[in-house]
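For clarity, chains are labelled A, B, C and D in written order, and residue numbers in each chain start from 1.
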Amino acid sequence: MRKKLLSMLMCMCLTAALLAGCGSKEDTTASKSADTETAEETTEASNGGYALVTKAAGNPYNEKMAEGFSDVIKELTGTDAIIKHPQAATADAQIEVINSLISQGVSSICIAANDENALQAVLEDAMNAGIKVSCLDSKTNSDSRMTFVNQAGTKEIGTTLMEAILDITGGEGQFAILSATSQATNQNAWIDAMKEAMETDDKYSKLELVEVAYGDDEPQKSTDQTQALLSNYPDLKVICAPTTVGIAAAAKVLQDQKSKVKLTGLGLPSEMAEYIGDDDAHSCPYMYLWNPIDVGRLGAYVSSALVNGEITGAAGESFTAGDMGDYEVVDAGDGGTEVILGAPFKFDPSNIEEWKTVY
Amino acid sequence: MKDKKSILGKITASREASLMIVLIILCFVIQMRNSSFLTPSSIGEMLKNNAVIMVMTLGMLNVLLLGGIDISIASTLALSGMSVGMLIKRGIVTNTFLCFMIAILIGAVCGAIVGLTISKGRVLPIIATMGFMYIFRGAAYMVSSDEWAGADALGSFKDFALNSVLGINNIIWIVIVCYAIFFIVMKWTKVGRMVYAVGSNREATMISGIRADRVEFFVYLIMGILSGLAGAMAVTVYASAQPNMMYAKEMDVIAACVIGGVSTTGGRGSVGGALIGALIIAIIAKALPLVGIDAIAQNTVKGLIILVVIVLNVVTQRTMDKNVLKGREM
Amino acid sequence: MSEYILELQGITKIFPGVKALDNVHFQLKRGEVHALMGENGAGKSTFIKVITGVHKPEFGKMFLEGKEVKFKTPKDAQESGIAAVYQHPTSYPHLSVAENIFKGHEPMKGPMIDWKKMNRDADALLQQLNADFKSVAEMGTLSVAQQQMVEIAKALSTNARIIILDEPTASLTKRESEELYKIVDKLKESGVSVIFISHRFEDMYRLASRVTVFRDSQYIGTYNVDEITNNDLIKAMVGREIKDLYPKPEVEIGPELLRVEGLSRTGYFKDISFNVRAGEIVGFTGLVGAGRTEVMESICGITKADAGKVFLEGKELKAKSPQDASKNGIILLPEDRQKQGLIMDWSLGRNVTLPVIGKYAKYGFNNEEAEREVSKELLESVDTKAVSIFDKVNTLSGGNQQKVVVAKALAQDIKVVIMDEPTKGVDVGAKAEIYQIMGELAKQGYAVIMVSSEMPEILGMSDRIIVMCNGKMTGELLCHEASQEGILELAMEKHNGGNNS
Amino acid sequence: MAGKSGRTISNTPDKSLKSRLLCWESMMILLFILVNVLCICISPTYNIRNVFREMPKYLIEMFLLFPMAYILVLGDIDISVGAIVCLSATMASIATNNGVPFLVAAVIAIVVGMLCGLVNGCILTMFTELPPMIVTLATQIIFFGIAEIALGSGGSISLTDTAGYKAISAKIGMVPVVFFVVIVFAVIFTVILSRTTFGRNVYAIGSNRVAAYYSGVPVQRIRLLIFTATGLMAGICALFLTSILYGANTTTGKGFEMDAIAMAVFGGISTSGGKGRLLGGIISGFTIVCLRIGLGQINMHPQLILIILGILLIAAVLVPNISMAFTKKKTA
């Protein structure tokens, strides 16, 4: 009797849980977040479909990218794109997601990689299965992609940030970098580009990089690190945070303490609107970012072009990305190719009000 | 002669006192390396930045006193914080006080569910809270609908953490009030002593007329309420609500308690000990970047410090026991 | 007003599957000490819990001072002036003595606990009981006897009219029991009625005026203590006659098996030397806390001795763990069956074969069939009352649990058996059976060491008696030259000097 | 020395079909079938080929389930296994990139894992007062920290020579090699726990550590051995993980300990020690894997999948408790 009841309850529980899952799917679709298909529609998806794999769920930057991606796919094919978030911001979790997409038989995967090399095996599998693999936002190594949608050239970002630092410091003085985690691919590439710019160009010679601190993209740790930078380097003039979580945490610390130290870097306008301003009451005179919606849109166009055979991902090819204009596939310098969206966009007090509602 | 012995005896016999010495040594060493450490503003920053963990440590103290454990608290925090963040962002609620109340209410509901599962459903705390860790965290993501509530969206709510009363930051006031309340409750009220009683000998409570299951429910409820409060605090301190906020921070809270001499098997621990434990955790987080330990080695050092402190706890306890035995006349 | 302060009629209490009390009656006169006797499992403890409101009976009525009462919670009973001192100390080891005494009815100053008043009141109560410790001491650091005293203080603190003592002397020594008797006398004088549960006849004779006997959850009868003989009482309790409680067989003493020389452990015992020969039963006695158990644990490698040597059959034995000791044939039957002796939620069979599974295993794989065979044989040989070897141990009574512990020891290759308080919490019927087994062991040529606080069994079963006091051996007596008084004198040697740290 | 009363005690075990069918394990098998039927219904792409293809990533966590089951039965817990996987994978990758042959790298991974487990075991057996949860929490932070230092500022390492690793991530037909390895280990670990003297001793320690010690069970030696073996299995897990990741990074293995504990608990192994069988854990492990694959294929939000797993985990413990209370009330 007891066991029977037990088994019944267990089964009921399971079905209830699953129903709950399927039920709330509608909400998430409505808010354009997760899965865009109901179970029946998956049949279509298994015969094709365009998939985007983000770095993690619950991040508005990724959401905006996904938004742009699905809009374009809807426009081009009339079907919904498959947006997949991994369970955590790790390469491990992305492998599970990509495997699942291979099973579903999608025709293209566009991925923002959490680790440059770790996805090689599974992405090779995907390509062997005839799936067109491209990256956006954050690349994988050249063996495991056909091409990469780069939000802005790495070198360009490096020099842009160095220019900003030069401008804010007034030409000389100490500055520090507050990064995300020590293994964040993008951040490391940009920091390297900044260092390279310092070495190659004489005008940066009076600038001194005192420390690269890591806030692990956690508000608490980023706050601790920022405060430590302030007390360890009393002569510090600028902090540069090329990460959305870090820049917001640092901006808050500086603004709350009414510190003389200024901030720049890469951040989301909606998160940073509060801190951007020319006067002493604001900690960040200006910062940069690209439009994540456009990154997503270009990613979709690239996926589509790859699937349609317009491009194969070789350097020198070109394609039309709807109203965004024509783009050319160029050599990325790592043995693979990339498509560069454009220059990073500058957010300053004159335009921040306009952009903070967009993303 | 006897008085002398008792003062010395008190210091060596009280875990809080010996931990206090560790704390002072720690502060001294850091101060030697970096003189900006022991300044009012630096201490204020440290307290403010660790307020969330300090508040939750009080709840965890109660849970551990019962011999239980709660690893769902960081998820409860995220759910309440995220809910408040979204409510403000959508313009539904703007009053700061109301926001705190809502956060506490959400925390209370989470705590009540956990408490019911453990006290009435007789599910082992570690398993129940592991399940709820996933559930509440998932719920936080659902609430967020993959958005953040940033500084701009939070309006006047974030000012709470900036303002101060009598020169002490609001957030630190919350911590002080919480610790004061718990210090009194745990020492001077029946309810507080009941928690100790249930943790010390659960079977005996029935005879003393204490309903152990109610105390257990109550303790997890309190834990939930404090996590909810901490959720709102985290949002105002960092002026940002994200669904993955404070991910895995429950371990820091547990570590704070254990460092503070709270026994994980129940019955032993004090508010003072929890405070010192939380302070040691706070100092570690604050000081490691200050004393110039390479960023990449900071985690290793943090782990080593925790390990050394708990091993030290055991070693001192053993020598204490041995000394008692040696003193025994035969 | 009725003659009886407390009267229970037709009480029936049913637990899932068992009738714990079946139509039980009880009457308690004002100011009397009333003994409640019966074997373990007879329903005494359940009965007490009904009186104190812990259990609610299915049928029956309860009258307090002639008025019918129904207790919903233990608190109701407390407020009506009923207090109980339970068999297993129900204290909170991490809390102070004062808090233990006043738990549930702390003196308050507004919403806050008045610690000062609580400590003061507690000290006053303790002084009344001639306690040698302070109210601020941590409960867990006290000895069992001291904890018992706190329990009594706790009962007194509620100004109870009825105090129930559930086996208060079970873990007390003779001298401590005497102290307790004095306290009970004092209570009686002040008009408090006492219900007294005990397995010891001397307690009953010394204190009670009337005795009620339960057997198999049923009421058997109430007798005046001075009108009933020992044998009749046993018959009422057990339902049959027990002729010889201490069946000590005549055994020829063989060669020396175990010799201990100068064994010491800081803070516990010092310079212990003795020997045990084959076929001999050596009784170890002394007050609780004299260090007897600790000596045995050191011999068996459970704790490390600081100095001294142990010889088994003339060869030095350095046991570093109980495993080493049992491999060499020294088996300890620990004092606390439930915590140290048995795995309570395992079956009988599994428990019996736990130390010897390796012996029957092939290449490390268990031979379950052989294990079942062996455990059946052994459990039957000690006459365990159980249906199947798959029964769980926690369904057995204390005496039968002890038999399982014995069976477990017998499964191993033994030379020396150390029995630590083998009859603690065991009822009369099972006690006799355990003595029987002890005698058989000696007869088969094993050396037996019995650690016990119960004077009659020490005197009744031992060939030689070793008395310990405060960590030291204070005397070694041959059976025929020993007397209760003589042993007591040795056991309290140092205590008279007032040195009780 | 025969019993005088001549009372006999039965020693024939209850071998009835009913008692066999109504155990937790058969419930788990039922649930496993149910989950698979459900997955087939909701996902058109849920078939054997796809399941086997997606499985390796999940299967490698099963290497941790086996020793974790032992640790839980002991009444201990180890939350550092994920960190050990990370450290082992890092060391193996570094070794390979320094030109060490695959087999030696494999040995390095296993030895590093074993050493980490040994550290846990030594601390816990030397200071028996310390709660395992806290000790392994500290070592978790330390092991991840060491891996972080070894990985350097990049935080990631990529294999330059993947030859050997490709061999262990290969497939035989459509079944991946790792599946066979897992099955072999499953059989070994299950048999040891349920059939051997060692296994019985593990249960004895978990049920009553003091009584086990008094009965001559070498408690601390067994604990040390099992914690070390856990490290060893984490090393093997790391090796297979490296073969999928072609390297290691600082997030490798994060959260594996919770997954392993969840699988074990779901399979009926209590964290309070002494209860449950590994077979249940293994079936529940496969059930969870299948469920995750199925739900992944219908693109369910990952956090929603976690919510479902959380509910299942609590239900697995709660439902029997409630129904037991229910039946108790009925008979009373």
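One rule holds in what follows: contacts are C-beta pairs under 8 Å (C-beta built on N, C-alpha and C of every residue); 3 or more make two chains touch, one makes a residue touch a chain.
In this text the structure is predicted, and so the values were computed from the model without any measurement.
No other two chains have as many C-beta pairs in contact as A-D. The chain with its Cα centroid farthest from the Cα centroid of subunit D is C.
The distance from the centre of subunit A to the centre of subunit D, each centre being the mean of the chain's C-alpha atoms, comes to 34 Å. Chain centres here are Cα averages; for subunit C and subunit D they lie 43 Å apart. Work out the mean CA point of subunit A and of subunit C, and you get 70 Å between them.
For subunit D, residues touching at least two other chains, in rising order: 148, 153, 301, 303-304, 306-307, 311, 322. Contact with two or more other chains is made by residues 141-142, 243, 296 of subunit B. Contact between chains, using the touch rule, shows up for A-B, A-D, B-C, B-D, C-D. The part of subunit A that touches subunit D in the complex is made up of residues 1-3, 5-7, 9-11, 13-15, 17-18, 20-22, 24-25, 28, 33-37, 39, 42-43, 46, 57-58, 82-93, 95-97, 99-100, 102-105, 114-118, 120-122, 141, 181-185, 188.
The residues of subunit B lying in touch with subunit A in their complex are 34, 36-37, 41-42, 45, 49-50, 52, 141-142, 144-148, 150-153, 158, 162, 234, 238-240, 242-247, 249, 285-286, 289-290, 292, 295-296.
Note for the complex: subunit B touches subunit C at residues 184, 187-190, 193, 196-197, 199-201, 203-204, 206-210, 267-268, 322, 324-330.
Interface of subunit C with subunit B (complex): residues 52, 54, 73-75, 78, 84, 86, 90-95, 99, 103-104, 106, 108, 111-113, 115, 266-270, 470-472, 499, 501.
On subunit B, the positions that touch subunit D within their shared complex are 69, 117, 121-124, 126-128, 130-135, 137-139, 141-142, 243, 251, 254-255, 258, 264-265, 296-304, 306-307, 310-311, 314, 317.
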